[in-house]
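So that we are looking at the same thing, I have put the structure below in structure tokens.
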Amino acid sequence: GGTDTPDAPTVSTKPVSEIAVPPDLEAKGTLTIGTDASYPPIEFMAADGKTVEGLDADLGKALAATLGLKAEVQHATFDSILPGLTTKKFDVGMSGFTDTKEREKTVDFVTYFSAGTSFFVKAQEGGTVVNTLDDLCGRTLALQKGTAQVEDAAAQQKQCAAAGKPAIKVMTFPDQPGANLAVVSGRADVGMTDSPVAAYQAKQSNGQLAVVGEPYGSAPYGIALPKGSPLATAIRAALKALIVDGTYGEILAKYGIEAGAITEPGINQAAE
Amino acid sequence: MIVATGVHKRYGTLDVLKGIDLTVQRGEVTCLIGPSGSGKSTFLRCVNRLERIQGGRLAVDGELMGYKTKRGRLHELREDEIAAQRAQIGMVFQHFHLFAHMTALENVVEAPLRVRKVKREDAVAQGTALLARVGLEDKLDAYPSQLSGGQQQRVAIARALAMEPKLMLFDEPTSALDPETVGEVLDVIRDLAADGMTMLVVTHEMGFAREVADTVVFMDEGRVIESGPPDELLERPAHPRTREFLARVL
Amino acid sequence: MIVATGVHKRYGTLDVLKGIDLTVQRGEVTCLIGPSGSGKSTFLRCVNRLERIQGGRLAVDGELMGYKTKRGRLHELREDEIAAQRAQIGMVFQHFHLFAHMTALENVVEAPLRVRKVKREDAVAQGTALLARVGLEDKLDAYPSQLSGGQQQRVAIARALAMEPKLMLFDEPTSALDPETVGEVLDVIRDLAADGMTMLVVTHEMGFAREVADTVVFMDEGRVIESGPPDELLERPAHPRTREFLARVL
Amino acid sequence: MQPIDAVPVRRPGRWIAALAVALLAAAVVRSVATNPRFQWDVVGEMLFSDRILHGLVLTLELTVIAMVAGVALGILVAVARMSPNKLLAGAGAFYVWLFRGTPVLVQLLFWNFIAALYPTIELGPIHADANTLITPFMASLLGLALNQAAYMAEIVRAGILSVPEGQAEAASALGLSRAQTLRRIVLPQAMRVIVPPTGNETISMLKTTSLVSVIASSDLLYSAQLIYSQSFQQIPLLIVVCIWYLAITTLLSLGQSMLERRYGRGVARARRETKPMRLPNLAVAR
Amino acid sequence: MQPIDAVPVRRPGRWIAALAVALLAAAVVRSVATNPRFQWDVVGEMLFSDRILHGLVLTLELTVIAMVAGVALGILVAVARMSPNKLLAGAGAFYVWLFRGTPVLVQLLFWNFIAALYPTIELGPIHADANTLITPFMASLLGLALNQAAYMAEIVRAGILSVPEGQAEAASALGLSRAQTLRRIVLPQAMRVIVPPTGNETISMLKTTSLVSVIASSDLLYSAQLIYSQSFQQIPLLIVVCIWYLAITTLLSLGQSMLERRYGRGVARARRETKPMRLPNLAVAR
């Protein structure tokens, strides 16, 4: 497979003056965004090894511009982004975070995208067929550490037990490539990840992986902010402006993930 | 007991033994003397095949060391066959080389237990008796580092005797000892001689050689210069080199 | 040069020196003899303060070793002051203790360069001369491991002399050597004596003591038993313990 | 006897250093104990939680088995490297080069996902599905032990070289075989040199086992990471991990000094025991 | 001279072993070269790609700086541990315990996220924002070097203990100060024992640097991981990583043997050189 590097994003740079930016941020002049650039197409490292690209990078730059700030997109490991908000290393975290109740205990989210979860398996004749979460019982499932699917799998585990079916054997890998390799090598039967990611890696894998079944759920992606940050309303307003002026739609189209577009951003909208 | 004819030994390009002819009769004590570097230690090491020889023939008790003759040709012996030959020859080194991690008794019983496969209780009984014989009945459980040089060398002698060798080789057994403890070790060797053990002793102690040896052999530059009964060789050396050497050490 | 009065030294609960009184005059050679464990080495080590003493007074060239007197009280010296005292006393060890990673010349010039801060070219010139004096002009660049025992000990003597000491201490300088090389080292010490160097020599070589010593001191069990000119002490010892010891070593 | 009643040298530097260290220690302890960000309540709660203890057990299992196998194989490799047989010596050197030269991480991935390269393994009569032949636990052990063996081989070789040649020679002269000489005479004495770096290696291994996370095995550290990736209590969970590691390291260090004493038998001179190596006291101001 | 013209002992085991090793090697090479799953074309393409080379540079930088700092600090800690001064000795022992006892990963996280615990750092006159004072590169260095120093301290201590006491004593008797004795006499001779395990440690460090990925610094391995997380070419990229590590390990091993020769000066006896330690040839069937 090759590496598709989309053209530089076209971003509306016109500040929306009526949005109130917290004074300390205004003084600093830059919005520092933490992201783990190993999750294409949501975010990934450009071929130069320094620039972060993908939905979150482009949208983050557009949001900063709207707020009259410069954007600084910093690569960090997924685990370290939310703690980095507490230490003020980052102003916001944009790394395809699914807004969950559990996470809302420590941070606030401005929702900006709606992703389902897709199943993927090794592409082969008569391979594993998984259509719904219930089909997971008794199978070996490969996941990436810290993703929302880890919680989904734990919930489904209880369902399997309640239905008297065999348990899911969950393997949790530190990164998504590890989970993918587990599926390719037959170590795991099936993998589960956000739909846009699943589609992207099926395309990149040279026919080794295939997306199967129907995506389930529609969990919102959220921009993470320190708990109680006044920046939340500002970001929501800026995002709303980008949706209205069409910049939002352009960015999604660029990565072929228009399916996940939302119309009304919210704050802390995790599903029960 | 030892019959060496024309023994040659080379290290790389250095000829160390240039044709040694030497015979040691059963029950005899032979002392080997000569200046430093003359090849005395090397010859001793050849006798029990710690070194291979490059020419000549070397037999102990009628067996070639390291070879057997089959259909008129020499065949090298295997490791285990050489080990069996070595087990019949006791060797006492200048620096004792006691096994540092074992007590005196453990040093003595190690080879009987592992090589002769003696039962442990028999080996311990024999080892205790041997250590008593060299005057160390109260040092059975001492580690080498807790013993004086003279005591260590006596343990080394007991260790060699434990294999019930036919022949004992001594390489300057007293030259690493302080003057006061030399006597202890020489006494033990004197006793062995009195018991009829066949021995080849490299030594610088001329008084001892004169008293105990049946034959004294003088070596220089890898050759045997002359040999004979001690009072003859030490008092009336035939060869000028022998005379020169004796003048220096006596 | 050395004045020791009532020197006591303890290791833990073991009294090693039990009141040593001993005087060495400038330009004199004193030989210290005595059985193993009598405390000869310990006394030597106290003289240049490699060990502290627990009682008595020990002065070299009029200075207390390790202390100074200020307003009637003893004050301990600092490390660097003790090092300066030591630099005036040359010591030669039984096992040479040459610096293994340095050539003969490097061994000799090390202390002049670092302690006396002599210029390198001067140190090298002096070191070369000293090594020539002990007969090693052709071994300047040899490492200790490439030298025989006798050669190593001569380098050790040159190394001590390079600090131009007022006093030389020798601890059994020949007892780790093979009999043929003992002579080389004794010759060097003999020359030093002839040049008027003050020396305190622990030795087992009675012949040498008789020839070179001005005074022979016999020690046993941490005490000086008797002392006197060599022909007197060695031929007509007053004390039965001296007689017994001499009977064993001579 | 005239006693020596001397005024000791004044060492103000030493006192200042002592005071500084004491003050620093007090400040650190106070700050750590009172800083709420350490969340000591969570630490107490998680220390004996099931998931952490399960991780701990895997860590210990892997450490013990991998070290034992690594030491055993390391001895074989060291002996092979020192063999007079050129082929064996070459094979030993190659082994050390290959396994020291590649990261354990890659070795773990290789063994676990070998099926991605070789879906079935054929070794003469054996013909098996790679994934059933090599379970993830097996893969962890293979990765860790084979790697460790390469490092141990170097340590064992240094140990063997430290035993004076005379020892092996004396054993040969007594008629002991080469194998007996190695096992009874050379190795026990080499242990004195082998044990301290092996202690280092064991303590390292304890932490290295956490690399098995790349093949989705949950050792102590990865268990904690999995927990905090959901609960965001990163700091207290890492403290829990450190407490366990420190506890085990303490035990291992004790074990090490016991082994050192055991193999020091007969080596330390009696008089040495009362006289430890004295060393320049560099760091103290004069 | 009567020559010895003897029939050598037959060693069929040795020949069979040679054949087996040769066959095995051939099979492995063939299989690796022809298995398309290794994607050798990608390996060739990526080996000198910019991102990989950048990662390589960071790996080398970190390894060199962390090892140099670790060795220097390790010497200080070792000397402190062996000091007659109780306080210093205790501080040294505590240092080794703490840093060997906690995983480098946690230490790296600690330094990088120290701001989570102490948002501003106040050290007397210095008063700074933790995040600006400690950059990720600084954090990486602190974590790696402080940890390495603990392991090096043990190695240096073993080295110092291996130098015969007589050497330090002879130096004192000549009037050298304690510092001079340590620097000029004891340490140079200790190097012989220090160098081989330090080689092990350096080669380890090369790989340990990849832990800095937890603070998002892209060393060699993490650069490869970032690339394959997008391009899905995990196997060939890991091969690229291994090739680089093997190349550097080879260079380091050469450097190590040069150092060993340098510090072996004067130690090997002239006659030893022609007579290496002979070892039982265990693994060969008789």
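Note that the chains take the letters A, B, C, D and E in the order they are written out, and that residue 1 is the start of every chain.
The rule is short, and it goes like this: a residue touches a chain if its C-beta (ideal position, glycine included) is under 8 Å from a C-beta of that chain, and two chains touch if they have at least 3 such contacts.
Chain labels with UniProt names: B, C = ABC-type polar-amino-acid transporter; D, E = Amino acid ABC transporter permease.
Just so it is clear, the model here is predicted, and its values are computed rather than measured.
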**Request:** Work out which chains are contact partners of both subunit B and subunit D.
**Result:** C, E
**Request:** Return the chains common to the contact lists of subunit D and subunit E.
**Result:** A, B, C
**Request:** With chain centres taken as the means of their Cα atoms, state the distance from subunit A to subunit D in Å.
**Result:** 40
**Request:** Indicate the whole-number Å distance between the mean C-alpha point of subunit B and the mean C-alpha point of subunit E.
**Result:** 47
**Intercentroid distance (Cα basis), subunit C paired with subunit B, Å** = 37
**Request:** Find the geometric centre of each of subunit C and subunit E from their Cα atoms only, then give the gap between the two centres in Å, rounded to an integer.
**Result:** 45
**Item:** Residue numbers of subunit D (touch at least two other chains)
**Value:** 109, 116, 177-178, 234-235
**Asked** In subunit C, what residues contact two or more other chains?
**Response** 79-80
**Prompt:** Which subunit A residues reach two or more other chains?
**Reply:** 79, 83, 181
**Complete:** Checked against the stated definition, the touching pairs are A-D, A-E, B-C, B-D, B-E, C-D, C-E, D-E
**Asked** Within the complex, which stretch of subunit C touches subunit D?
**Response** 5-6, 8, 11-12, 19, 53-57, 67, 73-80
**Residue ranges of subunit D in contact with subunit A within the complex** = 109, 112-116, 119, 131, 136, 213-216, 218, 222, 225-226, 228-232, 234-235
**Prompt:** For the complex, which residues does subunit A have touching subunit E?
**Reply:** 1-3, 36-40, 44-45, 47-49, 74-77, 79-80, 83-84, 86-89, 175-177, 180-181, 201, 204-206, 208
**Touching residues (chain side subunit E, partner subunit D) in the complex** = 14, 17-18, 21, 31, 35, 37-38, 76, 79-80, 82-85, 87-88, 91, 97-98, 100-106, 109-110, 113, 116-118, 151, 154-155, 158, 160-161, 165, 168, 177-179, 181-182, 186, 196-197, 199-200, 203-204, 207, 210, 221, 235, 238, 241-242, 245-246, 249-250, 253, 277-284
**Prompt:** Can you name the residues of subunit E that touch subunit B in the complex?
**Reply:** 1-9, 274-275, 286
